[in-house]
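Chain nomenclature is as follows: A, B, C, D and E, assigned in order of appearance, with residue numbering initiated at 1 for each chain independently.
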Amino acid sequence: MTTANEPYVLNIGPQHPSTHGVFRLRVVMDGERIQDIDMVIGYLHRSMEKLAEERTYTQNIPFTDRTDYLAAMSNNLGYCLAAERLAGVEVPERASYLRVIFAELQRIASHSMGNGTFINDAGAWSTPLMYMFREREKILDLFEMTCGARLTTNYMRIGGVAFDPPNEFYPAVNALIDELPDRIDEYTELLVDNEILLARTRNVGVLSAADAINGSITGPMLRASGVPWDLRKAEPYCSYDRFDFDIPVGHVGDCYDRFMVRLEEMRQSVRIIRQALEDLPSGPHKTEIPLALRPEPGEAYARVEGPRGELGFYVVSDGGPAPYRFHIRAPSLINLSLLRQMAVGASLPDAIVTLGSTDIVVGEIDR
Amino acid sequence: MPSSAQDLALTLPHYLVVSGMIFGIGIAVALSKRNAIAVLMGIELMLNAVNLAFLAFSRFGSSFGIASEGNPAAPLAGHVFVVFILTVAAAEAAVALAMAVLVYRRRETVDLDRINLMRW
Amino acid sequence: MSAALDPIRVRVRVTSPRLAVTLGIVLVLFGAASIGIAYVVVSGMLDGHWYDFRDLGLGMAHLREWLNEVNAGQPAALSAFLGDQWISYITGALLGATGILTFFGLLLLILVWVERRLIGRIQVRKGPNRVGPFGLLQPVADALKLIQKEVLIPIGADRFMFYLPPVLVFIPGLLVWAVVPWAPNMNYLDTNVGVIYLIAISSTATLAIFMAGWASNNHYALLGAMRTVAMMISYEIPLSLALLMVVLMTGSMQLSTIVQWQVDHHVWLGMLMPLALFTFFFSSTAELNRTPNDIAEAESEIVAGFHTEYSGMKFGLFYAVELGNAVAVGAFVAAFFLGGWSLFGLETWIPPYLIFAAKAFGGYFVLVWLRGTLPRFRLDQLMSFAWKYLIPISLLQVLLVAIEVTAMRYMHFPDFVELSLVGAANLAFTIFIVRAWATFLGYRPEREQVLKPTMAKQMGGLRAAEEMRTR
Amino acid sequence: MPRGPRQLDGHEVARLLSAAVPGAVTVATDEWVEIQPGRVVDVMRWLHDDAEMDAAQLSNLCGVDRYDHFEIVYHLQSLDQNHQIVVKARLTDHEAASVQSCFPVYTGALLQEREVYDLMGIHFDGHPDLRRMFLWEGYPAFPLRKDFLQIVDHHPGLPHFPFETGKQER
Amino acid sequence: MDSIGVIIGFYALAGLTVGAALLVFLVRNLLHAVLALVLAFLGMSGLFITLSADFIAMAQILIYAGAIPVLLVFAVMLTPHASRDNANSLFAPGGLLIGLGFAALFVFVAMATVWPVLDVETLHVQSFAGTVRTIGAALLGDYLLAFELASVLLLAAFVGAVALVREDEA
């Protein structure tokens, strides 16, 4: 019911349970319906792209941890690929397998978090989140075991990975990937057939395939809209072309499809990890690169399929020890391009669910 | 001192006085308020006063007679009336408030001094 | 081995012999106590004595007799003035009120712990376990924290209206406990309009919540208040209809009579009228603002809804009364639908109030369980569920129950036959009407089946997407 | 010169592009095609619609400050053909840099162009919602420009490797 | 004969009701006036209980403390500019006078008239315990027509209210 001509402006954020960070939506409401939505971002802006211009190539790796702090491994990987491409560094076989293993573990951890918070946004009081945290915790333990850090791993190096995993790592990761399919089935049982969840997420925040492609949407959101596009298959980096896995693709492009695609991707990641562990070659885990890496002048754009989409690093070199220009193509930010289109006209709870299904990480949006 | 208790005992006029006072206040509210919603509140007060009178008559009055085998509800006729009044009051409140909202939407005011047209 | 491994390895904890011995002793003592109690009960040593704690009413009756003796010694003038037996009257009233207040206060204190522990268990974590043994002192710590917190009043808020709602919410939460039938002789206010008292008292909370949201001068709070009002008013109707079925069946609005009817007929009303049970329970979750209907304080949408701006003990009151009301709902579900204090004859052995409390807490546990499991409905879905499903179906069910009651009045089969017929008819009707009504409103289960993502082997863009869709 | 694995040859793209949109291409290298900033929408529309180019998605958009000019770098992605096209636009006016917005062709440019505007101060003509994004409205400078701090004789970037002594490269 | 408790209760409740009703007139804030009104209604239901009308008292709470104030507050909220104001109109002195006159008249009549009341014995014999069943029987017996009409009225009011506040589809 409208009362008068004055707009009813609701601030969602910067401190709000559903924005998952310091992110603000300025929502103009008509009753419970959203008339207009405006994103106010930048609360977490640290100007990493500028800072990176003053650090050497190796010194920049920790910055990438801190962009998407839920998927540090993928960020490390993307940046290292870009730097390697720029400097023409070859990566040993073992290192690229290890990279795959850790990137996929990170994908599982990140999707657990994304799906958990998404269900949380739909109103389940933290229970699925806590369940998914349980597995994420074990993955973070594996990270800690290998590189000493849990979130900001700083594990990948230009030319390989920082450390060979310790011997305890292999039984632990094997136990984990044996357990994970059961756990994912458990989530499926808990959530997928839940009528309330279906009612809340189906046909909510629908994005057609054409819109999604045109809007530069990537990652699970693009796949949920029905577009079979995954960089791991389309442009196999590391050693992804040697593994057998499927790309789950949604039907409608609604929040439910995004959730399901993420859930299914966790299963596929388990498959990849299992294959990679079986064929893990021996050999060095790292190519020695000169400490003072000075790539030839030029530019390189390398991208990986991060948990949130195409994670690109555009690095320009002028021959000096630091990148001349360092740009991160942040999927979290670009996936938000169409939020307005999805949310306007929907009701507030739908908009929250839609925002949850885009799975943003504010550190990456703001960088 | 049974006599003093007798004197204190509640009788019909006690309730009628209260009822009359509330009715008067209701009239004053209904007649002198500028806001249509306040006027409605006055009317509700008046209806309540009437309810009280009905119940008091039902309790003390003799004109309805005493409950008997054939007519057990005789002394409760007042209660039945009150039930109807409650119904009507609820209906009336809903419609009147809907009208107030409608008037506000059209005229941006519920000030009765300024709602002086029969149609608009 | 690094410490990081520990959570991954399953650690088998060896049960210590000391624990086993302790458990054994406890079990033996428990068994001995049970046998002793059984002997005492069977031998009839307790019957009629005040120390028969199976029936607290007996103790009260003894007390009343004694007080009446005292009363007889008082001057007659006082009796004329204050009524006969005024001492026992006033003492009884005060005792009952004190009992309810004490119970309510303790209940709230315990519930804070219980709820958080239960939710913790559901969420594979431990819950509060630091303050005191098993974290039992956590509510005390919480209360202390809340009490010493500053109570903030938002700028532009209506101070008077802002202060009032926590109190106003608390009053109905306390008052509904008056009519709870704990045991045969344990009703504080056994009024013959108990059911309508319940509905009337609980309906007053709506206004308080609305005031809280309105006076906060906060957009979240206002949205929450609007949602609350829309939802509470809508769900009062199915709630009342469910209770109407109970009243129709038992022919009374007195809670003790309703329970007694179930005892006399050896049946629980929940078995006879599953639809009424479901309607009552679901509507209650809406009235309580609990998951899956907690849209009024939907955390992920409007932060905390109507009590966003409340801090300190004012928030504490809202929080506490929500917990208390949850148990109250459990109690009323027990009284109306689960046979109250009866347990098929066992109530002569076990104190009925304990049976009743167990049932009430069972209902509460289901509420906590739901809260820990289910996502939240959207406002429009909830409203359409009330208006499009619950109300029409309940109305039809009321009609059916009325017909059954009338038929039972004219037929003279044994109770057992009659009631099983009624139960079977109601169950069949429920299943039939729910399906038929859903189909009538356009629900097609086959259209709602879950679509799993399809697996793509070939990468591509829009063209590939079209191909996949058509395939 | 590193090139992405499935990146189209710049010369080839330039040849087709100049046939379709005459006068738009200024420079072509192995890696990229450089176009006139005033023709961005035309070029993008053609690249987007052409069946062979099929640049369905604007994968990445960013700006590079080259002291005397700006480069806007577009990474276009064809999902069906699975190739990438790199297009650049050179903005010679360093003080009042402005380029056509490609929002009419790619809605995904919405936030990316806003980001470039916010951090580099490049104006996008035809962008529907060109406001500061990370920095607040009214912030005077554009941090990703090389002359951000305006300190005399300060050269942004790392002059030499931290533990390297002696050599001064630049 | 009433016990002292009932008598004290009556005077307290009467004072509360009349005082709250006066507050409705005097309070400047319309929402506070609504609260005072609710208080008056609650006091009124207490008076009903002293009249042994338990069912009506509960119905009074249900309708006048549960439903109507919410409607009132909603209406106040939907009309924001006028919401804070409980001002008197130009007719206020006249209205007050008329109200006082009516009150005085009623009080005078109530005191002066010799009402045909039941004598004390009958009053005590007459049982008012459990009015619900009797009222229900009366509603569906002697007053059936009125009952049905009331339900029709409620339906009409329901539909009418919805029709009134519905926004124009155009």
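The rule we apply is simple: a residue touches a chain if its C-beta (ideal position, glycine included) is under 8 Å from a C-beta of that chain, and two chains touch if they have at least 3 such contacts.
Note that this is a predicted model, so its numbers are computed, not measured.
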item	value
Most central chain, judged by mean C-alpha position against the global CA mean	C
Greatest separation from chain A - chain, by CA centre	B
By count of C-beta pairs in contact, the leading pair of chains	B-E
CA centroid of chain B to CA centroid of chain C, Å	36
Inter-chain centre distance, chain A versus chain D - centres from mean C-alpha coordinates, in Å	25
Distance between the centres, which are taken as Cα means, of chain E and chain D, whole angstrom	74
Centroid spacing, where centroids are CA-atom means, of chain A and chain C in whole angstrom	42
Shared-contact residues (touching 2 or more other chains) in chain B	5, 108
Multi-chain contact residues (two or more partners), chain A	4, 213, 227, 229, 234
Junction residues of chain E - those touching two or more other chains	4, 55, 59, 67, 74, 77-79, 81, 165
Chain C residues touching chain D - in the complex, by the definition given at the top	459-464
Chain E - residues contacting chain B, complex	1-2, 4, 6-7, 10, 14, 17-18, 21-22, 24-25, 30, 33-34, 37, 40-41, 44, 47-48, 50-53, 55-56, 59-60, 63-64, 67-68, 71-72, 74-76, 78-79, 81-82, 85-96, 98-107, 109-111, 115-118, 120, 122-123, 126-128, 131, 134-135, 137-139, 141-143, 146, 150, 153-154, 156-158, 160-162, 164-165
In the complex with chain E, residue positions of chain C that touch it	81-83, 86, 158, 160-161, 164, 191-193, 196-197, 199-201, 203-204, 206-207, 210-211, 214, 229, 233, 236, 253
In the complex with chain C, residue positions of chain A that touch it	8-11, 16-18, 32, 119-127, 130-131, 134, 137-138, 141-142, 144-145, 166, 168, 172, 175-176, 190, 192-194, 196-200, 209-210, 213, 223-230, 233-234, 246-252, 257, 260-261, 264, 347-350, 352, 356
Contact footprint of chain E on chain B as seen in their complex	5-6, 8-35, 37-38, 40-42, 44-45, 48, 51-52, 55-56, 58-63, 66-67, 72-73, 75-77, 79-80, 82-84, 86-95, 97-102, 104, 108-113
